[in-house]
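Residue numbering begins at 1 within each chain, and the chains themselves are lettered A, B, C, D, E and F in the order written.
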Amino acid sequence: MSIRTFRGGVHPPERKDRSQGTPIERVTSVPQVVIPVNQHFGAPIQPLVKVGEYVKAGQKVADAEGRMTVPVHASVAGVVKKIEPRMQSNNTEGLCIVIEPKDPPEGESAQDYMLPLDPFACSKEEALARIRAAGIVGMGGAGFPAHVKLAPTKPISYVIANAAECEPYLTIDERALLEIPEKVVDGVVIVMKTVNAPEGVIAIEENKKHAIPYVQKAIDENPQVKAGMKIRIQELRTKYPQGGEKMLITAITGRQVPSGGLPMDVGCVVSNVGTLCAIAEAFREGKPLIERGFTVTGGACKTPKNLVAPVGTLVSDLAKAGIVEIDDQSLGKVIFGGPMMGVALPSYEIPVQKNTSGVLLMSEQEAVQYEEDTCIRCGRCIRACPTSIFPALLAIAIESENYAEAEKIGLLDCIECGTCSFVCPAHRHLVQRFRVGKQVLRALKQKEAQNVR
Amino acid sequence: MIETILLTIGFSAVLAFFIGIALAFFSQKFKVERDPKIDEVRGALPGANCGACGFPGCDGYSEAVATGRAPTTKCSVGGSATAETLAKIMGIEGGAAEDRVAVLLCQGAVNKTVSKGQYSGIPTCRAAKLSTGSVKTCAWSCQGFGDCTKVCKFDALAMEEDGLPHVNYDNCTGCGLCVEECPQKILTLVPRTRVGSIVLCSNRSTVKASVIKTCKVGCIKCELCVKSCPEGAITMVNGIPVTDYAKCTSCGICVQKCPTKCYKMLETDVFGTKKEVPVMEEAQA
Amino acid sequence: MKKLYSIFKQGIIFDNPLLMLMIGLCSAIAVTTNVSNGIGMGLAMTFVLLFSEIIISLFRKLIPSMIRIPIFIIVIAAFTTMVDLVMKAYFPDLSKSMGVFIPLIVVNCIIMGRVEAFASKQNLASVIADALGMGLGYTWVLIAIAAVRELLGNGTLAGIQIMPASYQPILFFILPPGGFFVFSLFISLNIWFKKRMEASARNRELVAKKEAA
Amino acid sequence: MSDRKMRLSSSPHAFSPVDTPRIMLSVVIALMPATAYGVYLYGLPALGVVVTSIAAAVLSEFLFRKIIKASTTVGDFSAVVSGLLLALILPPSTPLWMVALGAIFAIVVAKEFFGGLGANPFNPALIGRAFLLMSFPAAITSWTMPKGLSLAADAVSAATPLNLLKQGNALTDVAKYFGANDTGAFYRQLFMGFRSGSIGESSILLVLLGGLFLLAIGVIQWVVPLSVLASTFVFSWILGMDPVLGLLTGGIVFGAFFMATDYATRPMTPYGQAIFGIGIGLITVLIRKYGGYPEGVTYAILIMNTLTPFLNKLRMKKYGFVPPPKPAKPSKEATK
Amino acid sequence: MMELGKIFLLALLTNNIVIMRFLALCSYIGMTSDVGQSIGMGFAVTFVTVLATAATWPIYHYILVPLNLTFLQILIFILVIASLVQLVEFYLKKNVPGLYSAMGIYLPLITTNCAILAVTFENISFKYNFIQSIAYSVGVSLGYLLAMVLLAGIRERMKTSPVPKFLQGTPILFMATALIGIAFMGFSGLIK
Amino acid sequence: MKKDMTKLGMTLMLFASLACASLAVVYAFTKESIDKQSEIQLQASLKELFPQATAFEPIQGLVSPDPNIKFEAAYEVKSDMAPLGLAMKATGPSYGGAATLLVGIDLHRSIAGVRVMALNDTPGLGMNASSPTYYVDKTKKVTFLGQFNEKFLTDPFEVKKDVVAITAATISSRSLTKIIKLAGDAAIAYMDQKAISAPAENGASADAGTDANAQPQAGGK
C-alpha cells in the first residue's frame, strides 16, 4: 500500500502523545448543559421549548423548516432553565437553551430516542430524513448539515472516511479508530449505501499506523463488506492539512475539486470519523447527535483526555467536577478546535458543540504571540500553501486593496488552513488577512451586483 | 538679411494661416457632441472624488446627473448648496439634500468597558471583529482601531486617547464613508440641524446584567427614559430606546433620568463644541 | 508693491516650479552636472519665461481663446529659438554641453503653465514679478542641485577645484542615477520644509484663535 | 477562573520556529567558509573590508531607523547579511572608507528608503557594489593577487581571469598568468579559488558548499541558482565562450546562490524564478562578451530585479483551477 | 540592418530617454500609478513619436534646408507636433472611439512631452537619414514605455511598503528611478 | 463660419509672422557669430596644436578607410611657407555617440597633439578625455589625450598596453584612440604622397600601402 499525499503542506509538531494513550472517557453527569440553538452551517433555527419545560434526552428542542437547517436535541433530561444569548465557541453570543438535569417523573424514561432504522432496508429519502432528524452535522469543524452533504446531485465514486486528524494535539479520532472501529466502518457502509458509492476509503495518516489492524479487522468483520461492499484503508503521509477535504480527495484520487466547487463535483463524499459514528448511532440506536467525543489537552491541561460528553457541556463545569484539571495560573489561551484552525476564546466557560473536536488549553509558553514583521518575501507560504494561491502575493494585493487582483490570485479558494501563517518567518497574519479580505470581497461583489441591478 | 526676413515672414505666414484654418476646420468637423451640461455640472461639484455618491468620482456623477440618471441630491460633500446649484443647472426643483454629520453611537471608551481578551492580530476593527467577535465584552461596542478614521477624506475623524473616534463637526461632510466602513455599524448620519435626545449606545442585549457587567455607559434597558418622557416620544426598538424627533421637545428629562448617562442631547452634548447651535424654534415649528 | 513681492516670493519658494509644482523636471536633472550649466539653463529659462509672459500679457486681449494654445506655442518657440541662437553665438561651450535641452525649453511645462494660468489673465507688472519669481525659483534650485552634484561628483564648482586634491570624486553624483538621487532628496527636503511652514502657520492661527477666545 | 485575560487571535495558534533572524543567521553561516578563505587568501585588508562593511551596514541601519523614529530592526541580522555580502563582492584592496560608503548607500538608500527589509526592490549589496563601481571605477577594479601567488610581474595591480580574457588573452596565457600549466589545472585552481578576485567569490568550492547548505536547510530553493548556472553555461557555449570557464570565473556561482536568491528581490513564483535565473545568465554572458565590463553578474541581477514585479505575475495554476470561459470537463479529470 | 538595430537598442536601453536622459519625467511620474495606464501612455507616445518623426524629418530636409530657414526648426517642429497631436485626437475621437478611450485620454498630455520634440531635434542633429530616424524614434519611445512599465511595477510593489514619511510620494519615485538607473548602467557599452 | 475660420487663421498668421520676423532678425545678427564661433574654436585649437603656425590651408581628398570614421576637414599647417604638419578633423563613433577630434601630425610622423571638438560620453568617465585635469598618469600629470603627444604613428596603439585607458572607460579610450590612429595614418599617407610627389610621382602605391596598414588597425580593436 503506497503512502499518498498532496502538494504543499507543513508538518507542525504533533504533540499528540499527551492524550494519545488515554482511552475515551464518558462524561455522564453534568450540572447543566448550555445548548446553542444554532450549531450548524446554514439557516438559523428557533427554539421549540419554553423556560421551565421538562425535556428528555434526545428530545428535539429547536428546529425550523428549510433545507439547510438541522434540529437540535436536548442532550440531557432536565428542566429548561433559561433561553438566552450566551458566548458560543465561534466567539459570538448566540441563543442557547440552558437545561438543568433532573430525573424524570416516576415511571418515565429519561430518553426520547428514535426507533432504530435499518439503513439497508429503507429508501434513500428515509435515510436522509433520519440523518436530518438526528441533527447530524459535519463534526470536523464547519458544521455542514450531513443530510445535505449526503444527497449529492452528481454520481459518487468514493466515500472517504476522514481519519487523517492532521491537526496537532487532537487524538479523539485516533481513539475512536482504536476503540470503536466497527462503528466507523458501519458509518462508512451506511453512507456508501445512501450515496450509492461503489468504493469506500478510510484515510489514515501514517502516525496512526497502529490503528490500521483494528480498522482492518472491523472492515473484514463487517457484514456488508462480507456481502461484497468494497472498503479499503489508505495510508497518508503525516502532513498538515492532510485532513482538509480537498487535500484528502487529491491525495486519494488525484482529482482536484474545482475552484468554487464541492467534493461531489469530483465524485467524492468526505465524512469525518465522528460524523460517521454519529450516523451509525442514529440508524442503529436511533440516537440523535447529543453527545460528542473531543480531546481536552494543551500545556495548561494537567489531565489530557479524550472525552465523550453531552453537547452543551461547559468546559468550566468539567473542570469544577474534576474531570479535567486546568492550571489556571499558566493558562494563556483557550482554543476550541485544533491549534491550526481552532477559535481562540476569552474563557473556557463555553459549551462543547456538535462540531467541537477538541478543547485546547494552551499555557502561556505555548500561546506565544508574535509581533507582525514586514514580509521578507521568502516564499515559504507559497511553497506550503496546499491550494497554490500564493499567500504572500495575495496578502500584498489585499493590503493594497486591489481586490480584483486578489480574486484572480485565488482569495476565494483559500481554505484558511493556516499553513501560510504557520510557516511565515515574519509571523504575518496571513490567514486573518484573507478572512477579512474574503469578507470585503464578498461585500464588494454584493454591492456590484446591486449596482448592476 | 532683408531677404531672409522676408522669406521667413512669407513662409511662416502661409504656414500659420493654413494651420489656423486647419485647426478651426477640424475642430468643427470632428466635434463630438457632448452635453455642455456635463461640464457645467462637473464645475459645480466640489471635486473631492470621494465616491460617496456611488459613481466613479465627480466625473462619473456629473455625467449621470446631466443625463438624468442620478438625482441632484447625491453629493453629500457639497451638501444642500451643491444640490441646489445642480438642480438649477438641470432646471428642476431642488430637493435639497439634508446636511448630515456622522455620530458614533457608542461611548465605550477604554476605561469604561471590559476587554474580552488580549487581542493580537491585524489592528483593524474589521479584522478584530472577525477574529474575536468583538474585542470588548460588549458585542456592539466600538472596536477602537479607527477603521473609520482611515477612510475619512475630510480629516473629520480622529482616534483619541479614550480609544474612540471623535468627529470634528466642522469638517464632517456627511459623506457616509465611515458609516459604511464601520464593521459594527455603530456610526450613523444625523442631520446637522437636528435637535433632541439621542442614545449613544448600540447594545441590543436583552440580558440586563450582561450590560452592567460589560460597560459603564451602556444602556441597561431600564426604560426610565421611555417612562419619563412627557411627550411619549421614546420607544424601545430592537432593545434600544429611540427618540421620535417629531415629538421630542428637547426638554432633557430623559438625559437626566438615564442612570448610565448614555442618553445625550444632540444640541448640547453631541454637537456641544459646535458654535452655531441650531435654532430651536425653527425645528419645533 | 507688496503684492508684487508676494507673487515673486511665491515662485521662489512656495510654488517653486521644480520642488513644489514638480513641473519642468526634465532639464533640472539633465543639465545639473555642473554649476555653469545650471546657471545657463536657469537664466535661459528665466529669459524665455519673462518675455513670453510679457508678450502674452500685453496681447492677452487680442488672442482668441480658440487658438490661444498655438499662439502661446509660437511665442514661446520664438523666444526659445532666440535664446538658442544667442547661446550658440556667444556661449558655444555652454550651448554644446546643454545640447538638446535649450530647444526643449519650448515644451517646458513651467512656461506653458504660467502663460496659460497667469500671463493670459494678469497685468504686466504682476506678470513680470511672476516670471522673475518662477524663473529665479527654477534657477536657484538648478544651481543648488548642480552645486551638490558637481562638488561631490567632481570636486569642483563651476569648473573650479574646491575639494582638496586628495578628494576622490564620487562619480555617482554626476552620472544619471546620481541626478535622480540628489533631486529626490531635494524634493523631500522641500516637502518637509513646506510641512513645517504650514504647521507653524496653523499653530500661529490656533494661538491667535485661543487668544481671541 | 481568574480575571486574567486570555489571548485572542485568529488561527493558526501554532507557529513554525523558523523566523527571520534565524534565516539571516543561516545565510551568515553559509557565507563563513568563503569569508574565512577570502581572509586567509588576502590577509588583513580583506578582514578590514569585511568588518567595516558589516559594521557600517548595521550602524547605518540602526541610526537611520532611530532618526526616522521607526522600530529598530538590527535584530533581524539582515543588515549583517547585506554588509557581509557587499564585502564579499568587493576587491580585497578596496579602501575602507569606500567600503563604508558603499555599505551605507546599500542599507540606507537601497533598503531603508524603500521601507526596509522585504520592501527593497533591488538587492542592497549589489546596489552598494554598483554604486561603488560607478563612483570609484578605478578602486573597485583593481585586484590583488592572493598570498603566495605573486608570479606575475606586478602583484600590486593584478587582473582577474575575466579581465585578462576580456583583453583578448588566450586561455593558456591566462592560465600561465596564474601559474597553471594547462587548462585542466587552471580549472582546478579556479575551482579551489586560488586566484585574484573579490574576497568571497574566489573559491567556487566553498561558495558551492555554502549554497548547498542553504539549499539543504531550505533557506533557498534550487530553481534560481540552477537556472542561473545552467543558462550561463548554455549561453556561454552558444556565444562561443568556454562554458566551464564561464562558470568558474567571476562571481556567477556566488551570485547564483547568494545574490539572485535574495528573497525580497527575486520573484516568488517558480516560473518567475526560472525566467529570472535564465535572464541573469543571459545578461551576464552578454555583458561579459559584448559589454563595457569584464564581469556582469552584478548588473545582470540588478536588471532582472527591475522585472521581478512582472515575473511575480507568472503564477502557477491554483488548486482546482478551472479556466474561466466555458469550463471544460478535462481539467477535472485531467490527472486520473 | 545592424546599424538600425544598434540605433534602436542604444535608444531603448543604453541611452534610455527617461532613465539616462531625464526626458519626459512629468508623465513618467504622473502616469505610472498603474501598469495598464503606463502601457497605454507608452504606446500613445510611441505612436505620436513615430508620426512626428515621419512628419518633421521631410519638413526639415525638403523645406527648411533648401529655403535656408533651419533656424525656424524649433518653432516649426513644435507647431507640427502640436497640430499632429490635435488632429490625431480629433480623428480618434470621431472615428475610432474604442482606441480613443484606451489611448486618447493621454493625447493632450503628449503635446508637452519633451521626449517627442527631443527625438525630432536629435534626428536632425545626429544626422540620421529617414529610416534611421524612424528606428531611433521607435527605440526612444519604446524605451520610454519600458521605463514607465518598470517604474509602474516598482510602484505597485511600493504601495504596501512602509516607505519613510519624508520620502513618500514623488521623492521615492525618483529614488526608485535612481536605482533603476544604477541597474541600467549595466547596459552601458553593451551596444557599441 | 468661414469668416470665423479666416479670422482665426489671420490672427495666427499675424502672430507667426511677427514671431518669425523677429527671429529672422536675431538669426541674422547671430548667424555670423555662430558661424564664426566654430571657426574661432577651430582656429584656436589649431593654433594650440601648432603655436608657430601662421596659415592653415584646407586640403581635399582625404578619404577615411573606415566607413564609421569620417574626416570632416584637413589642413596643411604652414609657418610662413614652410610646412609644419597636418591637422585632421575626424569624427567617429564613441561610447555616447559621435566624437569629433582634431589631430595634429607633425613632420616627424608623430602626433603634435589632439583636441576634442565634440564628445558626448558619460560625464566623469568617457568625458574625462576632454578634461584638462583628468590625468591618466597622476605623477606626471599627463592627460588622456596628452599621452599621444609626440607619439609616433608607427608605435603600437593598443589600448591598455601602449595607450593608458581612462579608468572604467575603456570603450571611449579605444574609440578615441582609433580615431586618432586612423586620422594620423591618413595624414602620413598624404604627407608621404606629397613629400614624395614633389620629386617623384609614385604616391599612389604608397597611399594604397598605408591604407592597407590602416585596415587591420581598424578591424582589430
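Heads up, the rule we're going with is that a residue touches a chain if its C-beta (ideal position, glycine included) is under 8 Å from a C-beta of that chain, and two chains touch if they have at least 3 such contacts.
No experiment lies behind these values; they were computed from the predicted model shown.
Enquirer: Find out how few touching-chain steps suffice to connect subunit C with subunit F.
Expert: When the steps are counted carefully, the minimum from subunit C to subunit F is 1.
Enquirer: Treat each pair of touching chains as one step and give the shortest count from subunit B to subunit F.
Expert: 1
Enquirer: Return the chains common to the contact lists of subunit A and subunit B.
Expert: A chain counts here if it touches both subunit A and subunit B, which gives D, E.
Enquirer: Among the chain pairs here, which one is joined by the most contacts?
Expert: The chain pair with the largest number of C-beta contacts is A-D.
Enquirer: What chain is the most remote from subunit A, judged by the mean position of CA atoms in each chain?
Expert: F
Enquirer: I'd like to verify one number: the distance from the centre of subunit A to the centre of subunit F, where each centre is the average of its C-alpha atoms, in whole angstrom.
Expert: Going by mean C-alpha positions, subunit A sits 86 Å from subunit F.
Enquirer: At what distance in angstrom does the C-alpha mean of subunit F lie from that of subunit D?
Expert: Chain centroid spacing, subunit D to subunit F, equals 44 Å.
Enquirer: Can you compute the centre-to-centre distance for subunit C and subunit E, using the mean CA position of each chain? Integer Å is fine.
Expert: Once rounded, the distance between the two centres reads 22 Å.
Enquirer: Quick check: how many Å separate the C-alpha centres of subunit A and subunit D?
Expert: Measuring from centre to centre gives 47 Å for this pair.
Enquirer: Which residues of subunit D are in contact with two or more other chains?
Expert: Residues 5-10, 109, 115-116, 119, 131, 134, 137, 292 of subunit D touch two or more partner chains.
Enquirer: Specify, in ascending order, the residues of subunit F that touch 2 or more different other chains.
Expert: Within subunit F, the residues that touch at least two other chains are 8, 11-12, 15-16, 19-20, 23-24, 27, 95, 122, 125, 171.
Enquirer: For subunit E, give me the residues that contact two or more of the other chains.
Expert: 71-72, 75, 79, 83, 156-157, 161-162, 166-167, 172, 175, 178-179, 182, 185, 188-189, 192 - these are the residues of subunit E that touch more than one other chain.
Enquirer: Could you please specify the touching residues of subunit A with respect to subunit B in the complex?
Expert: Interface residues on subunit A, with respect to subunit B: 84-85, 90-93, 344, 346, 369, 372, 429, 432-433, 435-436, 439-440, 451.
Enquirer: What residues of subunit B sit close enough to touch subunit F in their complex?
Expert: 1, 4-5, 7-9, 11-13, 15-21, 23-25, 28
Enquirer: Which residues of subunit F touch subunit B once you look at their complex with the stated criterion?
Expert: These residues of subunit F touch subunit B: 1, 4-6, 8-13, 15-17, 19-21, 23-25, 27-28.
Enquirer: What residues on subunit E touch subunit C, complex-wise?
Expert: Subunit E residues touching subunit C: 19-26, 29, 71-75, 78-79, 82-83, 111-114, 117-118, 121-122, 125, 166-167, 169-175, 177-179, 181-182, 185.
Enquirer: Residue numbers of subunit D touching subunit B in their complex, please.
Expert: Interface residues on subunit D, with respect to subunit B: 5-10.
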